[in-house]
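Written below as structure tokens is the structure these notes are about.
Chains: A, B, C and D, in written order; residue numbering restarts at 1 for each.
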Amino acid sequence: MKTQVTDALTAVQEINDSDTVLVGGFGMAGMPVELIDALIEHGAGDLTIVSNNAGNGDTGLAALIAAGRVRKMVCSFPRQADSWHFDSMYRAGKIELELVPQGNLAERMRAAGAGIGAFYCPTGVGTPIAEGRETRVIDGREYVLEYPIHGDVALIRAHVADRLGNLVYRKTARNFGPVMATAAKLTIAQVSRIVEIGELDPEHIVTPSIYVNRLVEVAP
Amino acid sequence: MKIDELAQVIAADIPEGAYVNLGIGQPTSIARYLKPDSGVVLHTENGMLGMGEVVPAEEADVDLTNAGKQPVAELPGAAYFHHADSFAMMRGGHLDVCVMGAFQVSADGDLANWHTGAPDAIPAVGGAMDLAVGAKEVWVMMTLFTRTGAPKLVPACTYPLTGKACVTRVYTDVATFLITPGGVRVRETHGLTVEELATRLDVPLLAP
Amino acid sequence: MKTQVTDALTAVQEINDSDTVLVGGFGMAGMPVELIDALIEHGAGDLTIVSNNAGNGDTGLAALIAAGRVRKMVCSFPRQADSWHFDSMYRAGKIELELVPQGNLAERMRAAGAGIGAFYCPTGVGTPIAEGRETRVIDGREYVLEYPIHGDVALIRAHVADRLGNLVYRKTARNFGPVMATAAKLTIAQVSRIVEIGELDPEHIVTPSIYVNRLVEVAP
Amino acid sequence: MKIDELAQVIAADIPEGAYVNLGIGQPTSIARYLKPDSGVVLHTENGMLGMGEVVPAEEADVDLTNAGKQPVAELPGAAYFHHADSFAMMRGGHLDVCVMGAFQVSADGDLANWHTGAPDAIPAVGGAMDLAVGAKEVWVMMTLFTRTGAPKLVPACTYPLTGKACVTRVYTDVATFLITPGGVRVRETHGLTVEELATRLDVPLLAP
């Protein structure tokens, strides 16, 4: 359905307590800081956040964690030099952690967006990640069964959008955005610029408009 | 009701801004009746959103076709993607509506549109099964009766299935049916009464 | 390893009898006709061909089938008005057919390229395609277990390449090329033009050079 | 042998035109010693091929980082892609070589480099497990002994594994080892004799 162009606070109004929110970015590259600020203002809590890291410094995802809105983090790399808000919440037992290898995180969201029920993945075989999990040997190689990660909402940052909702990204800030956009019921994209329909080359579009429900323009 | 008229009826029912796949054959003609300001975006499974109408041979670009391999136009706001991404879009439930032709539709919404089951037929399925499981709404556009008068809306399909319990609406030359959890409801008829329809179908009908 | 720029006949030299060859194209759009002509000249036979269609008219894949080089076709839509060569070979019992729904064809090759061992797919449940196959109910929905399709070789057509092997495509001729390039041990791409390294925008590349082993320039 | 010298040894061993992922930490320094005409293409799992070296802060672009989130350069011929595509590339066996740091490597090539197993540690795995199962060759770059003198090339890893039987070479400050089906072979030593190495390791060594 038609993509709406709104301000950040309006865009996040439908996020509810206990929602699963996919948050783009690899560190700060591609992190939708202003959308997260709006989510903090909006007030939803008890959230499950799916994101590669568990916040950096004091802004973006780190601020959401510091505000006590996150019940559970699903991520691949929570421990970083500047992940102090997550660290203290985690050590205080106030936040749950599901550690997922980075590629599984991406592929499980891709599966959600692609209508795949589950997939056999070689990653983590023989490691604690696979303990107690269903495995299968296919053509002599062992695989772990992995299930999709669906989001209620995805908050992503892209570079330029057209008014229809088509997105292009910039350099490695592309990271999880295109995958998360496919995996959530409601995708909200923060972009540096919105252009008219027809201004983006159809060959260059990375996320087609079908995956984008709300657009928020935030000058960089 | 002629095919063109039926195409207009279906076009008018497609919600504003919907992402829609029109199957090969008759459903392709629906594109002609979509209002430009409706914001409806057409998907073609060979890898495009924002597909325009079929174009005449002299405007054909061999690199730009619909799923039926006819040359088409590209509209502003279009996007190209590869086949795995295109079918992820379909299978993942992102298309609002797809409209397909059918050999048979059952009262439960089972769809048969890829194989007559004839032993010497060369089977060909294309993307029909992916659309059947993937689109949020699967609509069928067909004549209600075969050339020999046999109904195509049936208690159970006798042809091999394309998908189970996937069809939500059946648009035909003589009536439009809604497949609901409570049964097949006649939404409207074109020239026949519901009673006349009921005598020619083996499927119990709920009145409009 | 480094992508080689060669003529068509040199490019296909390593294709062996009984190989599985992934052939790009949706109908004639994206069909690598000159590479197939070279394969016919090269002479390998008893091939398994994976391609969406089973040839159109008398050129490209249709010519390969007419030459009697194809033992088995794996495709989604063999029956077309102009698929006469396949039709007559099939009716004569001279060619085997494995019919795969179009999305499964794409996703199974994607799985091969992505190191996925198998995946649960909803397509074809309750149809003859799923008969006798392993199924599983996940979250109340039934899925069929699908396995990867690996190619020994992929023959694809793209629009422009740089000398490193990065590819961009043109309109709906993109179709299966990017997926097949990931799924074969040896990928040979026919392109309309080869440009210097650095001439393609890194944001616009569709198939990164890592997936391309041979480049053949064929002016359109 | 110092880290920089070891990085040069590894750089010289990377085949021409190889597609390579250099893990965070020490392996990142290998990039500095790759010859420009070698045609080696660096992959970074956050979504890029054709990555250049780490750049100083004043040249940093926040949208362009390596897997360690350091600012890097973009080389001619680079390509960007999203995370699912990037890890498909890794998991699908397309990278020729990856070089990672390690806490421990076993004689069978098991790799442990993500978790010390300490009960109060916050675990973090990133893309290490995906690289371990995906790259055609997994090379390890590490010191052979911990600060307290314990060997890191061991009969069996005591730390939680990253991947099983995946490492093919171990580059250390005092020797380079090849993990072969027949056992661990010393390829070369830097300052120590094979006999001296053998006395300090619990792993049987095959001579060069």
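Keep this in mind: contacts are C-beta pairs under 8 Å (C-beta built on N, C-alpha and C of every residue); 3 or more make two chains touch, one makes a residue touch a chain.
Because the structure is predicted, anything quoted here is derived from the model rather than measured.
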Fill in: Partner chains that chain A and chain D have in common
C
Item to complete: By the contact definition above, name the pair with the higher C-beta contact count: B-C or A-B.
Response: B-C
Worksheet, complete the sentence: Whole-angstrom distance, CA centroid of chain B to CA centroid of chain C, is 28
Fill in: Euclidean distance of C-alpha centroids - chain A vs chain C, Å
32
Response to the item:
Whole-Å distance, C-alpha centre of chain B to that of chain D, is 53
Item to complete: Can you check how far apart chain A and chain B are, centre to centre, with Cα atoms defining each centre and the answer in Å?
Response: 34
Worksheet item: Mind pulling the chain A residues that touch 2 or more other chains?
Response: 107, 110, 114-116, 121-122, 169-171, 202-203
Item to complete: Indicate the residues of chain D shared as contacts by at least two other chains.
Response: 48, 74, 80-81, 87-88, 90-91, 133-134
Fill in: Parts of chain A lying in touch with chain D, wherever the complex brings them together
26-30, 52, 76-80, 86-87, 90-91, 97, 99, 101-107, 109-110, 121-129, 169-179, 206
Discussion item. Looking at the complex, which residues from chain D come into contact with chain C?
Written reply: 15-19, 39, 41, 43, 48-50, 74, 76-81, 87-96, 133-134
Discussion item. Looking at the complex, which residues from chain C come into contact with chain A?
Written reply: 107, 111, 114-122, 136, 138-139, 141, 143, 147, 168-171, 201-204
Worksheet item: Which of the residues in chain D come into contact with chain A in the complex?
Response: 44-48, 61-65, 69, 74, 80-84, 86-88, 90-91, 110, 115, 120-130, 133-134, 160-164
Worksheet item: For chain C, which residues count as touching chain D in their complex?
Response: 1-2, 110, 112-116, 162, 164, 166, 182, 197-198, 200, 202-203, 205, 208-211
